[in-house]
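Two complexes follow with subunit A in common, the first pairing it with subunit B and the second with subunit C.
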Partner chain A sequence: MKATLRGAGPAFTIGIVLILGNVLLALLAPWISPYDPVASDSAAALQGPSGAHWLGTDMYGRDILSRTLNGGRYALQVTFLATTIAVAAGALLGCLVAYLGGWFDDVVMRVVDAILSVPTILALLVVVSVLGSGMWVIVLAVVVVYTPAVIRVVRGAARSVKSLDYVTAAKARGERAGPIVVREILPNVSDVVLVEYAMRASWVVLLISTLSFLGFGANPPAPDWGLMVAENRTALTVVPWATLGPVAALASFVIGLHLTSDGLGKRLGVDRAMTGVK
Partner chain B sequence: MSIETGLAGDMEPVAATGDAVRVEKLSISYRAGRALVPVATEVSFAIAAGQTFGLVGESGSGKSTVARTLLAKLRAGSSITGGRVLVAGQDVFGLDPARLRALRGGTVALVAQNAGQSLTPSMRVGTQIHEALTSHGLRADRADVLRALDQVRLPNVKDLARRYPHELSGGQQQRVGIAMAIAARPSVLVLDEPTTALDVVTQAAVLRLVKDLSRELQTATLIVSHDLGVVSGMADQVAVMRHGRILESRPTAKLFADPEHEYTRQLLRDVPTLGARSRAEAVAPVAGGGTNQDPEPPSGTGNQGSDVLLSCENVSISYHASGPPAVDSVDLEIRRGETLAIVGESGSGKSTLAWSLAGLTAATSGTMRVHGDTGTGGDLARPVARRSRELRQLVQLIFQNADTSLNPRRSVAAAIRRPLRLFGTVARARERGRVEELLTEVGLPASFGKRLPAQLSGGQRQRVGIARALAAAPELIIADEITTALDVSVQADILELLSGLQKSHGLSTLFISHDLAVVADVADRVMVMKNGRLLEVGDVADVFSGPNHPYTASLLAAVLEPGDLELPQSPAEEQDWIDDNPGGWLEPSPGHLIRTWKGAGNR
Partner chain C sequence: MPLLILRRLGSAVLTIVLASLLVFLAIQALPGDVVQQILGRDATPEAVARMRSELGLDTPVFLRYVQWLFGALQGDFGTSLVSGEPVGPNLLLHFRNTLLIAVPTVIISVTLSIVLGVVAGLRRGKWADHSISLISLLAMSIPEFMVAALLVLAFAVGIPMFPAVVLDGPQASLAQLLPSIWLPVIVLSLAMAAYIIRMTRTSTIDVMTSEFITTAELKGLRRARVVMRHALPTALLPTLNVVAINIAWMLGGVVVVENIFNYPGMGNLMLEAVFNRDLPVIEAIAVVSAAIYVACNLLADLTAMALDPRQRFRPRARRGAGAQPGPKASPAISTVERSQP
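And then the complex of A and B:
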């Protein structure tokens, strides 16, 4: 993999650095943040940046830097879980649907169409209002909402692979659908799947943060980017960093994902395995 | 000025300035990382107006790269490292953009390999010709467009001009491409593998057309091809290229009669030929078709002895319930150890029949029975999913395009191991050894098992394809145009390998090809198909010496062989026979059967 990704360009490198930076900071947050992210200190409320509080404090006197560092943990965890499950399920189903075709294809794709026609945020709000806002509820809700889109994209890529001779050769040997999908088709759409993963992840992290912003995701006083923006937007003029901090963090993560997916697309778009360029 | 396109009709001005095209010590390299890789080295040639120059060579010889410099075209990353290209006395790489546009299509026109892809799919044919004319500042009304189409001898030009490219056949598309190329009366015509995608009959017609047109318009023509027969029939002078260098460049007759360079001799040796035996008689079809019916059963299945491996009767295959079947009541029989070839142009149903035997397309009706050596037998009319493991093992397929028949993400060893595991041909512990044996058997080092398909050449990939088929320990190999994508020297090696393996393993082969010369080389018996119907079947010697069905005769007559300095005489553009349905069979010699037909005049 390392060899295939070499030469994906500076955009790709910057993207990876942004992603890894965000992930690393979120992982290390409990050890590197200067204050407890939920500890309030009414004496130090609504302060601007200072030596003690680099990004200032919010209306409860909580350290904004500590909250921003910790604020990604929830969103990134949900994003990782939801995207991984959605892309894995979507890739498998997409290949299977493309390979089998016929009525199976028709049925699955009409279900996909139906799910895709429901506005994402509405669907999530309904699920959360009914089942509560536990992390796994949100993960599964995001999986249900995003898997169809992955199915559609992967199916498109798999359909062109399906008609290639090595798939025909496998069919002529009498291989079953499972091995054909896993051995012959899936490895050859892995470039599409990888790009799709990066794109989906950026949408999912935004979606999760939107939910938190609307009050349906993380619960106060937990530190979370979306929630922080919601809490502090009224004090935007007083302590701008309380809003800008989480926004900048979120934006850098999303931009990182986009740059990465762009670089991956450029690097893998021409299938290197096909052309023989190493 | 060179850009004046009116020159074409009148030879004088060009002759005065010397050759229409001069390539002088042209060297081209492309940049790969930090290194400069030479693509062409000190290539020189000249073409006078009215002359045709041929560039032959195998893939990677740089012939196309050199040809396209006449249009001042270089691939991205390539650059000229020496020499120059003069068209009508002008260095084409020194032209400003406006003059370059006038050069391309105006002074120099290109006919590429696949005209179907070079036409705009969403634009009517007439509109495209109109555009080709007006973009070079020529007056163009409807009559001019029709004249351009008429010039390339397309039928019903008024109707045709209103059609879209996909509504034309491959040969017609190629003609439209030529019509567009010559629309602006170019003084130089570049033909880059102009007929590689066409069947022999269409090829002969298209080449004849180009030759006549270039003579009429006095163009300087450059033809690039891997096909020595095509170049031999078209060019006045031929240059043989290899690794970017011209090895020898001489008048066509001399080059083919007495090649100087060892590589040229090797190439000529590797080209399969029909041989002298067939030419004279083949063009004389059986007289009185349609009258003299023979009640003999169709495919000569008289001897149903134990030496018959596969027998098919009345096989029809339809893709759609309505519409003509792709394969229409075909009988065939393959004896043990025999190579049966099916010959036909694209759309003849030959591949459909083969795929149906492999179980990939179900036959609509008819029986296909196989009688294996070890008593395994069964009905091949069943699709592969409903065949027993033994039956699937018995029939193995080798594909036309080795590039796409191997999974690019799996190693060579994995590709060969899969059928071993699936069919349980050898015990698991022996798999590794068996893979190495198979690789050695197809002439590859055992160490190639670790490689990915992309790290192999085309010929090596095809060898892996053969090894994969052998791994199943089959009795019948279906080889579907397996050498079409390969260079002649590689083709010769692969065919030799296949016939060697066939003998040592006692395999029977169904060999599908459009190349009559290859078939004459490898097959014991031949079947000729057109439009899903079997027209003729017999021993290779009988079929190639005639008498023949008129269709077979036209195929044989259209074959171009190296050393033939003339194109086949006016190949029949329109089919001059109609199918006699249901029709009977003629049997001019035992085992040689020809479907009866009616003359087109009797309609």
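And then the complex of A and C:
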């Protein structure tokens, strides 16, 4: 692993540190946050930063640092689940479509185009409006919306692999489509899939936070980055950290993902900047 | 060549119809009974049955879809479950307002990002490149709702140049809305420009290291001429598709921005419809957005064909590959393909 990642540059290292830092803080949040993130204390409302509350308190007197630390748990959890499922499904289907070709390819890609043609947030809102906004519904919605985009990207990469000799050899050995896709094609597009994962995760986490911001994700009083911004943005001048804290955390995570995917792309020779499929 | 254009047109129409079918099915087939919702939990079974037949919900889904599709083709998107008024005219009004934000956004962000992207590409590794790349990275990573909140603080509260929220209803005249479009336009332009800058930068670098540019330089042409006449037309070609994709993204982005500024556009209409589960309105917005997305991509493809003779022919190998199979992302894919060893 170390050898493959050498040469990815210092930006890549910074990216990894930002991602791991955020994940670690979110995992440890219940133990390291100084206060209960949902405990309100009306006597201590809207305080500036102090020794007792490092980032101050919000309008209900809740500790902003504790809320910021805990605020990534929901978004990161959904991002991890949704991105993993979407990229796994998209990678498998993309390879399968590229390998089988023919009418199967035509039909799947038609449906992919159709789903991609509905703007992401709208598609997500359609699902949420019908099924409600439980965590698994959101995961499912993100998977539905993003799998097609992954299929497109992986299919493109897999098409150039499928005519290589070892695939022909596997076919000649009489192997079936399943094993050929999983054992021969998939490993050879793993670089594209890896870069896709990092890129996709950065869009998913922003999307989840946007959804929470709009009132369709995490429910109050749960601590959540998007929700915190929605609650506190009107008090930006009074308690700036209630808005800036969660945004800084979110942005640092997204920047980490971008730097990582850029570094990976450079190292592995996958130029993801050319793709604009959000 | 005309045949290829015809095929693209055909596949665009097919995509829109398929998208409308998917949206229709998603809304109709998933659980959650509209009638039950309107009448409430205590409704008698007779009342439910009567309302179902009044709304035409007792006919099979597919038949309803066909009816809806033919209605939609004539601009009739049904009636809103909440207001009881036809969806079409109201949607048109909100769409007009959204266009008022969208058009300036496209113009500003495309101009800005092409200039910055080309500069960054030409000055690769210099401080100009580093600072442009850093700004676009930040613009991609900070959510629009935060950028919007900061801009409101600076230019509506701090220096009161623009209104923080729109107080006019959807019927307001364009002149009334004009002062309030600028903050939304800036927010959307920043987010959109970030992606186009990256794209333009990459493709400029690609082109500048290609052989025909070296040839042009060796011929002794002036730098400005090499860039403007030789490099730019080629470098901007892949940018076209990213612009098209970003216009589609913007249709989603307006949801957030219109929500923050209380702007009476299509995004706010959508949110309202989702809150009220006003399905006909949701359907209509989703289909209109899909149509716009497909139209933008078609336009980008046709422009690319007009500018680049190579795109006018299908590749020998098989349908698809490098040329344009469906609405976009193919430039991305062909690049990924190219970068495969």
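Descriptive notes on the structure:
Please note the rule applied: the second predicted complex is superposed on the first by the 269 of 278 C-alpha atoms of A that agree within 3 Å, B and C clash if a C-alpha of one lies under 4 Å from a C-alpha of the other, contacts with A are read in each partner's own complex, and residues count from 1 in each chain.
One rule holds in what follows: contacts are C-beta pairs under 8 Å (C-beta built on N, C-alpha and C of every residue); 3 or more make two chains touch, one makes a residue touch a chain.
Treat the numbers as computed from the prediction; the structure is a model and nothing was measured.
In the superposition on chain A, A:A169 contacts subunit B only, with no contact to subunit C.
Of the two partner chains, subunit C is the only one that A:L236 touches; subunit B does not reach it. Once the two complexes are laid over each other on the shared chain, residue contacts for A:I32 go to neither subunit B nor subunit C. In the superposed pair of complexes, A:P187 makes contact with subunit B only, with no contact to subunit C.
Using the contact criterion defined above for the overlaid structures, shared-chain residue A:M109 touches subunit C, although it does not reach subunit B.
When the shared chain is aligned, no partner comes close enough to touch A:L20: not subunit B, not subunit C.
More residues of subunit A lie in touch with C than with the remaining chain of the pair subunit B and subunit C. Overlaid on A, the two complexes show subunit B and subunit C touching the same residues of subunit A, namely 271-276. Residues 101, 105-106, 109-123, 125-131, 149, 152-153, 155-157, 159-161, 192, 202, 206, 209-210, 213-214, 216, 226, 229-230, 233, 236-237, 243, 247, 250-251, 254-255, 258-259, 269-278 of subunit A touch subunit C in their complex. For subunit C in complex with subunit A, the touching residues are 11, 14-16, 18-19, 21-23, 26-27, 30-32, 137-138, 140-146, 149-150, 153, 157, 195, 198-199, 201-203, 238, 241-242, 245-246, 248-249, 251-253, 255-256, 259, 270-271, 273-274, 277, 279, 282, 285-286, 289-290, 293-294, 318-321, 325-337, 339-341. Subunit A makes touch with subunit B in their complex at residues 164-166, 168-175, 183-184, 187-188, 190, 271-276. Looking at the complex, you find that subunit B touches subunit A at residues 358-360, 384-385, 387, 389, 392, 396-397, 399-401, 403-410, 418-419, 422-423, 452, 454-455, 468, 472.
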